[in-house]
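Each chain gets a letter, A, B and C, in the order it is written, and its residues are counted from 1.
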């Protein structure tokens, strides 16, 4: 039971990190109709920027804002130089161009930071454990990620549902002409949304830095998982991204915890470990396939 | 007279809004039947349900004696339904002849053929060219779709429908966007088909409707308020009332 | 029919001549490197021709074609592994005979394509891209998890497959087999693109709605195309496993799927010769750049971006056909 609570909290923490990425992906796709494979690279850039700044200045609290600023700047530059030319192009061109960007970012970061993984310390203020459920001590830092994720989710919901900018974002995803007719610059809204997505990806990267190693290629794995999330949730929908993140994050974490245990009751050690690891890693894809059989456009299809 | 198409109480709602409300109508063999109505009357929804793109919430769609309500779009086409689209829906990057040849290929079956060269297949190419010639586009057969004028594309739409040798033609606003010369030509082409083909067409161009239709159904707010000959419809008080607020359409 | 030399026909002829000249070049240079490198290009071209038949013709952007490449390779490796270890797999003792295991690799991949295609084709557009990527990733993880077959470390083959009972030791012979297979795959895809079946696929790519309303069950046609592409991709994978005498989950990596897409776009989507040009260009560029600097991706990445932005018709598209 203790394991279950602990793993559920881990699952929640993973889910919310996924959501930070999936939200950006789904917004960029839903509003600009652009599939951005390089979104995972922004996550990596955030993590590296955080880790490098933390190494230099020795403080997570300097690294956090620095990483956000770096990813925002990189995101804005990316939008300006490349993404802007991809709006309205076919998906194949978008896939190709952003695939090229992944290679570039991987090469560039290797150049700047080397091939070996970087380590980042958990800030000492959050180094302890806390018993939110009696008898289950849980790392404060992971708890902070959960709180942060929930706060961002609420903030995004508020931004999209209740503010003027959110209204324009929603409008430009459906009717570009109307927004232009209102005298608003669609290009600016796109740039804004892309930068927002970049910041969220960077945020995910920098907060995950202290609990996973910061290395080349870290963005791609999580990007593919984020794809699974938005396919399950329905592309273009923030709510879908949130529910999808929870489903996929929980399924993945609990699968990894329990599949090996389950197989240990059936088979001998090594076979069980192998089967457990294999099953755990394809559970989320199985879940995706099931969702697609029932709902080919995801759980919360948007208008597009 | 046997009915080629029969709608029985077709109802379709979107998010609580009734687009079609208990629509019943029949199209007899070799009849030319027009559906008119103001914008937003539910004509497109009706066309989509006849073609099979939308399933009705209630009611049945019958082709001759077959209940086709649950049939897919391709199955209805293979039965013998041919349609044209309101917004031209042609295969870009291909020539006019390719477009028509594909319709003939659909009619002849055997498309799971992997080896024979279809680009030189006379059994596809000759009828395709013939269909284009009937429509007066014989000299444009080798031109790519995107290089044809709007009016010519509308004519290719019709040639595709004809090439399928359909039992029932469903034409969604065949006059849409045509200039007056092109419209006159389209009316000539359709007049030539009258009495030989079963045609259901949706149209805004009242001159065309009254020139072509044997019977007219008037759709207002999702429901058929009147069906009859052009003269009956013209005289109908309810139709006049419904159109008074929309006289730009009539 | 008279031969009228258009730039494309001349280029195609040149490609065929170069492919045939490689063994002589290798003999002249006295090293196997050239012929091995050419074999890589030929196999890459083969898997890309198969991908092109769904991306270029049917308009379905599959981002998971490495699945079939890797699966085909693993079928060959597993058949050999089980034969070597003397452990039957589901009652079958395994085999080293190319004429058995290569068709088997194609059949397994065709079956996999049937299942994954049936699921993926329920979606369109960007969903399709992401789902094909996700399924390939799933199979990648399955093989990573199968520690019995080496997991991440991969699985070596003791020797190349026998071909009709004969050992294939000479790299030139193996190259000849690869070229012959590529020729067959290209001929098949070329005929396919001009067949009635191919016309339906092209029609559905141009307008699915129109093609449905003509009476074609588009889903079935696309699924058949995916199955054929999967089988051909599997054959390429089987050859790749033989070339390197080694398979690993790296064959299934999503980066490889991306590389295949780069090749077909760079080469050009309109002709089966496009992937040969693209495969040669990409493999040569990669090999030159990586020999020059270990940060070659910094140059290769932006190069791909430029191709995507400015050369949508690829290198083959630069050669004008006479008519247009």
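A few notes on this one:
The rule we apply is simple: contacts are C-beta pairs under 8 Å (C-beta built on N, C-alpha and C of every residue); 3 or more make two chains touch, one makes a residue touch a chain.
What you are looking at is a predicted structure, and each value in this text was computed from that prediction instead of being measured.
Taking the definition of touch as given, a chain qualifies here only if it contacts chain B and chain C alike; none does. Nearest to the overall CA centre, using the mean of each chain's CA atoms, is chain C.
Set against the Cα centre of chain C, the chain with the most distant centre is B. Inter-chain spacing, taken between the CA centroids of chain B and chain C, is 43 Å. Each chain gets a centre from the mean of its Cα atoms; for chain A and chain C, those two points are 31 Å apart. Spacing of chain A relative to chain B, judged by their CA centroids, is 48 angstrom.
Residue positions of chain C in touch with at least two other chains are not found.
Interface residues of chain C, counted against chain B in their complex, comprise 188, 191-192, 194-200, 202-203, 206-207, 209-218, 221, 224.
Listed in rising order, the residues of chain A touching chain C in the complex are 29, 35, 82, 85-86, 91-97, 99-108, 110-111, 220, 224, 227-228, 230-231, 235, 270-271, 273-275, 277-279, 281-282, 285-286, 288-289, 292-293, 296-298. Here chain B touches chain C in the complex through residues 51, 53, 72-75, 77-78, 82-83, 85, 89-94, 98, 101-103, 105-107, 110-119, 121, 124, 160, 164, going by the rule given at the top. Remark: chain C residues 55, 61, 63, 119, 122-123, 125-127, 129-131, 133-135, 137-138, 141-142, 144-148, 151, 254-255, 258, 261-262, 265, 294-305, 307-309, 312 touch chain A in the complex.
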